[in-house]
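Multiple structures are listed underneath, in structure tokens.
Presented sequentially are two complexes of chain A, the first with chain B as partner and the second with chain C.
Moving on, here comes the complex of A and B:
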């Protein structure tokens, strides 16, 4: 007993010191890298050519990764086959894997399985209603065709809505929550989810990878290069100016309150773009409340094509010719007048 | 004098009118013509894309990342992240460095030259990103030997100041090159003379006979050492080949490079894979020595 007391006298201050040290060590913002994978993978040139002749890049940009939604997921949460160092070539990541994060409302392990279920039933699913593979199934998008590592887009609401973090709001968080890492992540997560997780222009660019691809448009019999025609409209042009309020592809093609992965064909009666439902798109409370349902009947995806939309074609051509036909002669006349003023005595040879 | 200013004014006005004519032409009739031609060319573009797809199969780091035209801007609101896009690559790259235009090795061997040792090739290519090929593969002997290494700019090839401080490790616009002593003078291993010889060989390669080609290749590779610089020759505290301090590495980076973590990792890899590195291309030994236990990852 005495020996125990003596030992505790010796080890107690030492233990307290270690405890204090651990508690006061600043929160590691790269906490997900418990396996110290970034020791090697932080180097940009970490790459090789694989057996199929394709370049494989194993670089993870640390400074960008910490601002991504997966920053708290351990590397092996996705790369599940990597359990030791040195490791063999990693297997392809399965996005549907259950990771270590617990979804707080159900207290079950988090996974993207629901997204897969939604996607399977959507217009982008790989099988048709009867379960048979669709024609040109290789064109159907997989996770990485639309998604790279999603990054936080925090917002401040304190005095006005602006991009970025509100220090005033963080100050409130700190009253109850003590871990800086937790506060920062929670703030980013919530405010990113309170608005578009991607800028409308970025959304349009993602859709354009397939929907503006001539080959894909042709073999799936699509009526238009969707993003090109969108970019010709007022909405598309505003998106070019990085307007965040402007509708992008998802605003019209997904039913309100549903996941963007539940996009349906316009032939499906449940689709927001079906002719029965289309009228509600423009007049929804966030866009043009009170607008007539007929507003949605305008040609959103009209191209400057005689075959596709003859009315728009002649209308546009008329205005182009009218504008050019009026302004160009006017400018030429002004130029001739200026030349005369510049050379008041000039004459064409032989004429008086 | 008044007449002079009037002329200047008129001239300026004329330039302005011509400018407006060009703008109006662009947004009206030129737009019509462009649309017409675009549609005509659509089929050709599709064919061209198919051809490009085939070409893309021959990927190199340079083509895919350093010279890639496909850029993407992520509008995050508080900032814009602009980076090269690699199809199917999930993690963000977020760095901008130009291709290595100085290295004459890269012209034949590519910018991911290490491919024989499956387990090490990514590590070796990672080093090739900021260390010149000659730095490891050429070991000057005798009077030629000097312990001088400097950074050269990837684009211009000029010797530059150390880019290490303030940069993300390994994402420099410069690479390390070694020097040798020739006739009492310090010279870069990748001398203009050597570069000139290789470039001339590349130009005339097709017109040379097999034996001429073989002879030229031997001359080019004459300086290459049989055994390259090994990992632990640099990753060590006492007598590292690379003078990290002279190369501008701050103390904490040097500590990291020679840390137990890195050196331990090298030892593990060396025991696992390195014996074959000394004899690339040869079949592995039939009965390898008992391998050490791999390091269990922390947290697993």
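Moving on, here comes the complex of A and C:
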């Protein structure tokens, strides 16, 4: 009995550990996790303080990850310096690395290098037209300054009843394609790109990280805190109420048919926002068809500022003065009237 | 006008005619319309406020609330045009036509004089009454000004929304039809329209909810609510308090000189405005 008790004392904690381990192991670990990285990275508290004293979280939420655009890329595809488990501190991911996915139209290994080429020539590139590094080059965005792990936002265009995956459309895929996982993923891949992957508020928030930063705005000589001034317009306000039909920063600042990475300065004659081209932005068929090019002279980024928009500043000031000048005297009368009611017949001595 | 006797006696109490049914319906449409416009407009003006999404959601959010706002706005614009036509009709029928009958053709100066003598046209007595009220409120006298048919408060209540309707309605119409408007006007007019529309709307809303509602709802003499906007008639006490000069005139005309109440300043309790006028 004593030996049995001793044995049970030894095995019980071990048994509990095994049980917890089994209960925590996902029923079906995701296929791209060939290296079984989630064995450790599935734990929500997995973190450490790095050499710079920053708290780093290494937790990977599997349910989010499997719905993200990179879910078919195996971990080692991006974290190329990790070759063994347990591993040493990993380097930052280089988004331009060639990953194991083969781009089907060229059958070449896939990479984001083309995006980098676009970005280099854009207003957000690190060098100017002559190839010299720009001033404050550290302010120019890199991939991860704007992008987090994007999630699929599949489109349901079957009778447009609800967002999400359309079972009716999936049924058509199944006629030819047999592998369920492929059907699901391909549907997501294609339909996500048929509409905006983020809502206008998300886009504006991404741009605001730099374009509403007063230091960055000042040192680059920008005329406005762009997202702040946008949020004062109907478009910005509707975006705040999660309207997805409303234009965000990219709808005006990116030429139609081009990618956000090709955005140009408004001084560049090829930019959609250049004064020669601006007229076409608002009147395009998706926004205000039939509008005059003059509509684009609307000040999207006007601020209540004497330097930036003096006429609007004085116009607004007039209404502020009118409001104060009307309401304050009336409120004084109300207050005096309320007090007067306590002393209906009182007067200053000698008066009637 | 004969449908509305100037003094009505009910249960031994006198009630004084203020507003026709037509005017009361106009006021009702205006009041409901303004409240809807404020509730569907202010969440947009203050879109970053914590309450804004909840209030907006009550009206169907960004997809439906703007439609409600535009519908209510269009109704008020129609009401405004109706009111202008109504004004012209009333002035012609009850003021210009009788003079025409007596004197023949009217000169422009004579017509302008008729307009200047309209009961709602601001005049020197209003300035005197404001000064008189300030004297009373600052304890320099215990006599309140004796108001005419329409006091300066009522004229303010009428002309403030009148000006507001023009500014807010016109700027709203430009923003609603921006595609058409910018064929004629430059795009920056939209910036000024937005400022005028939203800032004037805030002024109008605060004016109505503080000043007008104080006078017709929260003031001790009418709390919780004056009923003149429903019945069209004002009680004798309230009439004597705010419109004493007019009250005496009406009582004398009706041959009730001996029943005239003393001016409110002479007796104890004070009170304020009895009903909305706009």
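Following the convention adopted for this analysis, the second predicted complex is superposed on the first by the 285 of 352 C-alpha atoms of A that agree within 3 Å, B and C clash if a C-alpha of one lies under 4 Å from a C-alpha of the other, contacts with A are read in each partner's own complex, and residues count from 1 in each chain.
The criterion applied here is as follows: a contact is a pair of C-beta atoms (placed from the backbone, for glycine too) under 8 Å apart; a residue touches a chain by one contact, two chains touch by 3 or more.
From a predicted model like this one, the values you see are computed outputs, not experimental measurements.
In the superposed model, A:242 makes contact with both chain B and chain C.
In the superposition on chain A, A:320 makes contact with both chain B and chain C. In the superposed pair of complexes, A:76 makes contact with chain B only, with no contact to chain C. Contacts of A:292 after superposition on the shared chain: chain C is touched, whereas chain B is not. The partner that reaches more residues of chain A, of the two candidates chain B and chain C, is B. When the two complexes are overlaid on their common chain A, residue A:341 makes contact with chain B and with chain C alike.
Of the two partner chains placed by the overlay, only chain C lies in contact with A:302; chain B stays clear of it.
By the touch criterion defined above, A:84 reaches chain B but does not reach chain C.
In the superposition on chain A, A:268 makes contact with neither chain B nor chain C.
Contact with chain B, but none with chain C, is seen for A:59 once the two complexes are overlaid on the shared chain.
On chain A, the surface patch touched by chain B in one complex and by chain C in the other comprises residues 242, 320, 323, 327, 331, 334, 341. On the chain A side of its complex with chain B, the touching residues are 34-36, 39-40, 42-49, 53-65, 68, 74, 76, 82-86, 88-89, 93, 144-145, 147-149, 151-155, 163-165, 198-199, 201-202, 205, 214-215, 218, 242, 244, 304-305, 317, 320-321, 323-324, 327-328, 331-332, 334-335, 338-339, 341-342. Residues of chain A that touch chain C in their complex: 231, 233-234, 236-238, 240-243, 282-283, 288-292, 294-299, 302, 309, 311-312, 315-316, 319-320, 322-323, 326-327, 330-331, 333-334, 336-337, 340-341, 343-348, 351-352.
The touching residues of chain B, when paired with chain A in their complex, are 7, 10-11, 13-14, 17-18, 20-21, 24-25, 27-29, 31-32, 35, 39, 42, 45-46, 49-50, 57-61, 64-65, 72-78, 81, 86, 88-95, 97, 110, 112, 114-115, 118-119, 121-123, 125-130, 168-171, 261-262, 265, 268-269, 272-273, 294-300.
Every residue of chain C that touches chain A in the complex is listed here, in rising order: 44, 47-48, 53, 56, 61-63, 133, 136-143, 160, 175, 178-179, 182-183, 185-188, 190-192, 194-196, 199-200, 202-203, 206-207, 210-211, 214, 219-220, 268-270, 272.
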